[in-house]
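For reference, the structures are reproduced in the following blocks.
Shared chain: chain A. Partners: chain B in the first complex, chain C in the second.
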Partner chain A sequence: MNYAKILNKIMPVLLALLCLVFCYPILFLLTGSLMGTDELQDYLLPVYAETAKGYVTWRMFPLYPTLKHYVELLLDTPEFFVMFWNSVKLVGGILTGHVLIGVPAAWGFAKYHFPLKRLLFIIYIILMMMPFQVTMLSSYLVLNRFSLINTHGGIILPAVFSTFPVYIMYRFFCQVPDAMMESAQIDGAGPLQIFFHIGIPMGSGGIISVIVLGFLEYWNLIEQPLTFLKSKDLWPLSLYLPEITSANAGIAFVSSVVALIPAIFVFLSGQDYLEQGIVASAIKE
Partner chain B sequence: MEYLTERKLSMGTLREKALKGLAAFLVLMIVLTMLSRAADSLTVALVTTAAAQKRTIDHTIKADGIFSQNKEEAVTVVENILIRSVNVSKGSLVAAGDVLMELHPDDLQEQIQIIKNDIKELELNILAKKENAAIADIEEEKNLTRAKEEYDRAVSSGNTAVGKAYNAMTKAWKDWQDYKNSGSTVSAGDSQKEQEEALERTYEDKKTAYESAVESMNETLYAKENAIEDAVKVKEADYSNEIARMNMEEMQRKLSKLQALWEAEGKIYAPISGIVTEVRVSTGDLTPATKSFLVADLDGGYQFTAQLGESQKKYVSVGDEVILNLSGKKYIGGLTVEALTPNTEDANKTDVIVSVDNTADYFDELYIGGTAELVIENKSEAYATTVPLTAIHEENGSKYLLVVTESAAILGTQLSVEKMEVVVLDKNLTYAALSEGVLASGQKFVTDSSKDLEAGDRVRLAKE
Partner chain C sequence: MAVKKKSHIMHWKLTGLFFVLPSLTGVCVFLLVPFLDVVRRSFLGAVSEEWVGFKNYITVFQNGAFRLAAGNTLRFVAVCIPLLILLSLFFSVFLQGKVKGSHMIKMAFLVPMAIPVASVVLLWRVLFHGQGLINGLLAGHSLFAEHGLLTGPGFGTTDWMNTDYAFGVLVFSYLWKNIGYNIILWSAGLAAIPESIYEAARMDGAGNVRIFFRITLPNLWPVLNTIAVLSLLNSFKVFREAYLVAGDYPHESMYLVQHLFNNWFRELSLDKISAAAVLVSIVITFLVIQLERRLGEGQ
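Here is the complex of A and B:
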């Protein structure tokens, strides 16, 4: 009993410390975004200067706080917005694809019986397990064949047919009782009516969790655009930071902060569904 | 159960807020996108571009100039005559025979009289000189004759004196010799010896007297010869008469001019029809030694003179076709450059001279001091690479173009400018010819920009 009491007292402290550790990068970003160029260059000198010795030092509160980098990025850097809207377009396209393609596919896997269904699902899972580097070359060849290299379609289409969202939503659709579907059939509902009026409402948690997970994944997409997009005007925001040099490190911090904002909003809006999705993906087949 | 319901409710509220926040964020990003685009469009220069073309570099040389007389005649008058009136002024249009000025008749008459007197004086001087010379000759002759006579007389008297002395000496010699040869000398006594010695002394005295007579005669003759020589005087060179005669001739010429003026009642007439371009006399003054008037001969045409700068001069040569633009859209064609001469006031300028004869168009409307614009068209060979002059920039003495380069950037295909050094072979006010091989075929360069550009600056195309 005493042990439990002690644990209850220590735990919040430990959790607070852990929270601080995890939040430190965010604080680092926020303070960096408010620092002046000279101050940043002083702190980051060991990173950029080859001859400099020592390590990066940091101050939690800027000596001379300024919003100059925010103004510079948000008003004087149209390139940033090109990449931002490229990211929005890619993520929006992919998530729309997931809803249009992935949801019926998951419903099909969950509620219909057809030959080689199990084998096909295993293939789905195997494909889900493969990292991008494995399928990169074959994807490139296929996309090249379809003249999709250096187009946003070359990023969106493969992602639309990703297996992971199907797998997540499959778990949610499996939870829809068969009896409810049979009742609906008896009442005269067709397959589409059952799908739209029973399947989607009951699997909405899965759909939203897929959207949240998908957003967080595809908002930070780096390898695919770097591989399949040659024109810089097609690049997403995740590739903006590599364009930053030592001369404008402040902009790097600000752009990171701005890129973080939609992710936070999406996370907050789908936090509970995200948990359900993660749980669903952890269920053993 | 209640906890779960509460959690669901709070999550729902949070979700709504988060979705609203996301929507607001996206709206903000849309606004900022437009603002940053607008700011970018304001900072990026709007440029006009062009590509090099093959063409000739035509030089149109233009310069303002004035008309002046082609030929003019000076009017001169005998100097120092009082002017009664001057009938013309600078710029007066006169016909041949018009009275330019009138001389004072009294002064003219007085001048004539003075000249006549001077001539008379010179004549008398010459005559006096002649007569004096004749008198001097007679005097000289007389003196010479007298000297010769005196010489002859001295010869005669000298000969007589010398002959007498000679005879006395000869006689004394003979007496002395005779006495010695008489033989009495051997046995002679002292008296005889004294006698002989006396004879010898006599002889010696006579001899001395003879020699004195000869010497005296020689001296006398020498003096007389000198007197003859002195009588013939060496004459000094004397051209005064010739000089006086020349002066007299000059005066006679002047007299004839004055008499001509007198006969013309002192009026000075214009020798030709034209414009009086210079008047150097005024009423009440004396006439000058040099010109009194300059009259431009309009029938001889006009001379048009314009100044060209260093940059224009090299495109103009003698014989080039010229057009003179007059006022009111009138022009004179068919003219040529007659001469190119250095400007007397500015060493960096050159005077281009064009003759306009009386057959030229609008000749009647021309006048001395009138202005016109000279136009000379100089066509060059065809250059393969010519660019508008506005495209050429200069920095530290080197000329360059700002060529437009395309590059793939985040904002899409981005245009920027790069410096390309060029060599200008020739240029006019509009185009410049460049050395070949620098500009690639079809390569675009900036001809006009809304802002000053540096190498690497981004640009937007206004129009091709």
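Here is the complex of A and C:
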């Protein structure tokens, strides 16, 4: 038996195990969200009570499943709804901006020549790479000037002009054949007509994948709201992070599950586009 | 005729700019112009706002926290990125073959991308706490204990987040979160290699290993550059988990440049933060231009 054969025997098992490890967090959160307060306390006591002896234990499935914490979160925690709504507002605003402003920009970069195009596109790529912290001070300066500190606009506007979606959609639009545009032009179509009737339909996969990638990114917004939003009633769900204490461990699990649901929904319904979007960033046509 | 053709091109030139203009305006207002202001500030004193030349840059380089943070960030990148690239290449080469359900497996690897950071943090606390699940498993696991492996005083009492292991936890989080993304990137690269090249090599009697090193790897070279840059881009995002798990001042092995920027920002050390921002952007610009040049050659 040579190495390749051994590898072929081991790899499926290894991959199956890894898949379990990768997806286990979802099961873990679900299990925890269905446990009662007493059961959670039994298992998690060492994490939140420093004096407790022994280790955390866990079960694959809850011993006494209950929806008590879901009811509690949905009925008695108004601030959770405020944050959920804030998240929807922020993500919705940002993604709408990406479609309205980023899509035409990507089309312009992909299909037309204009002065300084190459330089501008390299600047876009450099800006895309910058971590938030590097541009934190410049963002603060500009938001302060426009009095956007502590408003949702102050989170949405800079994110709308993120250059990453332009970079991804650019790759999709590059695949639209020039010949198609030329024949449309000969038939008398103007640039806007070409954009709406050829560009958008042919690049729709790119637009959807940008929305999926963008949703997963902005649903997890941490640094921007933490830096620029001072009032907690403006915070998005991603900052709703209750400490694990004996009183609210259940709520922590349930809120995690509720935050997870939209992300998983977008992930599952957009998985093919997600794959296309990732691939588009790698393959230069 | 020639005149007509020229005006046609001019028309197209302005059309392109017209499409890009809304985005470009926003990018200038929200990113570019304020960044130039930061560059200007990096040469000014913090309070007096008078010209101090390169003094801020010297202060930053001499700052112990900056050295620690820059060192950690470089170490993180140097450990994580090669590890991520090799692991994901290994898996995608395997998945490239006729593996049943390879699409499902790829999607399973992508799932961590969808799990909100806050939920990850909850899990990390339960796993890596001093009395958490991992220590519980290690301390109680009969297999290890019976063989006298991994036992001894203090075994199972490692506080993962407050010792040098914190760095390892960070590396693990990064790999867990990004391996699916990279597997898809590699798979795309692999799929782009024409089957006919493989067939020709097999006709010549080349073995699997030889084919991998002589054909697969060289053909993946152009993809590698993009993968490296995107992995770097995503490596900056590991800060989210690090910050939510361990706060402003985590264990020093995971004190990253992002923590430092955050803390300087809170202390209003505008002189230091400006100089450091300029330094980091110079490094990033250098990397991007290298990439563009190499990809340009490949075309």
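The rule is short, and it goes like this: the second predicted complex is superposed on the first by the 261 of 285 C-alpha atoms of A that agree within 3 Å, B and C clash if a C-alpha of one lies under 4 Å from a C-alpha of the other, contacts with A are read in each partner's own complex, and residues count from 1 in each chain.
Criterion: a contact is a pair of C-beta atoms (placed from the backbone, for glycine too) under 8 Å apart; a residue touches a chain by one contact, two chains touch by 3 or more.
Since we're looking at a predicted model, the values are computed, not measured.
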> Here chain A is shared; do chain B and chain C fit on it together or clash?
Replying inline: fit
> Looking at the overlay, what does A:I123 touch: chain B (first), chain C (second), both, or neither?
Replying inline: second
>> Once chain A of both complexes is superposed, is A:N248 in touch with chain B (first), chain C (second), both, or neither?
In response: neither
> Once the two complexes are overlaid, how big is the angle at chain A between chain B and chain C (Cα centres, nearest 10°)?
Replying inline: 120
>> Just checking: does A:G102 make contact with chain B only, chain C only, both, or neither of them? Give me first, second, both or neither.
In response: second
> Of the two partner chains, chain B (first) and chain C (second), which one does A:S33 touch, if any: first, second, both, or neither?
Replying inline: neither
> In this superposed model, does chain C or chain B come into contact with more residues of chain A?
Replying inline: C
>> A:V266 in the overlay: touching chain B, chain C, both, or neither? Say first, second, both or neither.
In response: both
>> Just checking: does A:Y112 make contact with chain B only, chain C only, both, or neither of them? Give me first, second, both or neither.
In response: second
>> Between chain B and chain C, whom does A:F84 touch in the aligned arrangement: first, second, both, or neither?
In response: first
> What is the contact status of A:S231 with respect to chain B (first) and chain C (second): first, second, both, or neither?
Replying inline: first
>> With both complexes superposed on chain A, which partner does A:D76 reach: first (chain B), second (chain C), both or neither?
In response: first
>> How many Å separate the nearest C-alpha atoms of chain B and chain C in the overlaid structures?
In response: 11
> Do chain B and chain C land on any of the same chain A residues, and which?
Replying inline: 264, 266-267, 271
> Can you name the residues of chain A that touch chain B in the complex?
Replying inline: 74-85, 88, 230-233, 235, 243, 261-262, 264-272
> Given the complex with chain A, which residues does chain B contribute to the contact?
Replying inline: 7-8, 11, 14-15, 17-19, 21-22, 25-26, 29, 32-33, 35-37, 39-40, 408-413
> Okay, in this complex, where on chain A does chain C touch?
Replying inline: 4, 7, 11-12, 15, 18-19, 22-23, 25-26, 28-29, 44, 46-47, 52, 54-58, 100-102, 104-105, 107-109, 111-115, 117, 120, 122-142, 157-158, 160-161, 163, 166, 191, 195, 216, 219-220, 222-223, 227, 237-241, 244, 252-253, 256-257, 259-260, 263-264, 266-267, 271, 274-275, 278-279, 281-284
>> Touching residues of chain C toward chain A in the complex: what are they?
In response: 9, 12-20, 22-24, 26-27, 29-35, 37-38, 41, 91, 94-95, 99, 104-123, 125-126, 129, 131-133, 135-136, 139-140, 156, 176, 180-181, 184-185, 188-189, 192, 208, 222-223, 226-227, 229-230, 232-233, 236-237, 239-240, 243-244, 257-258, 261-262, 265, 270, 273-274, 277, 280-281, 284-285, 287-289, 292, 295, 298-299
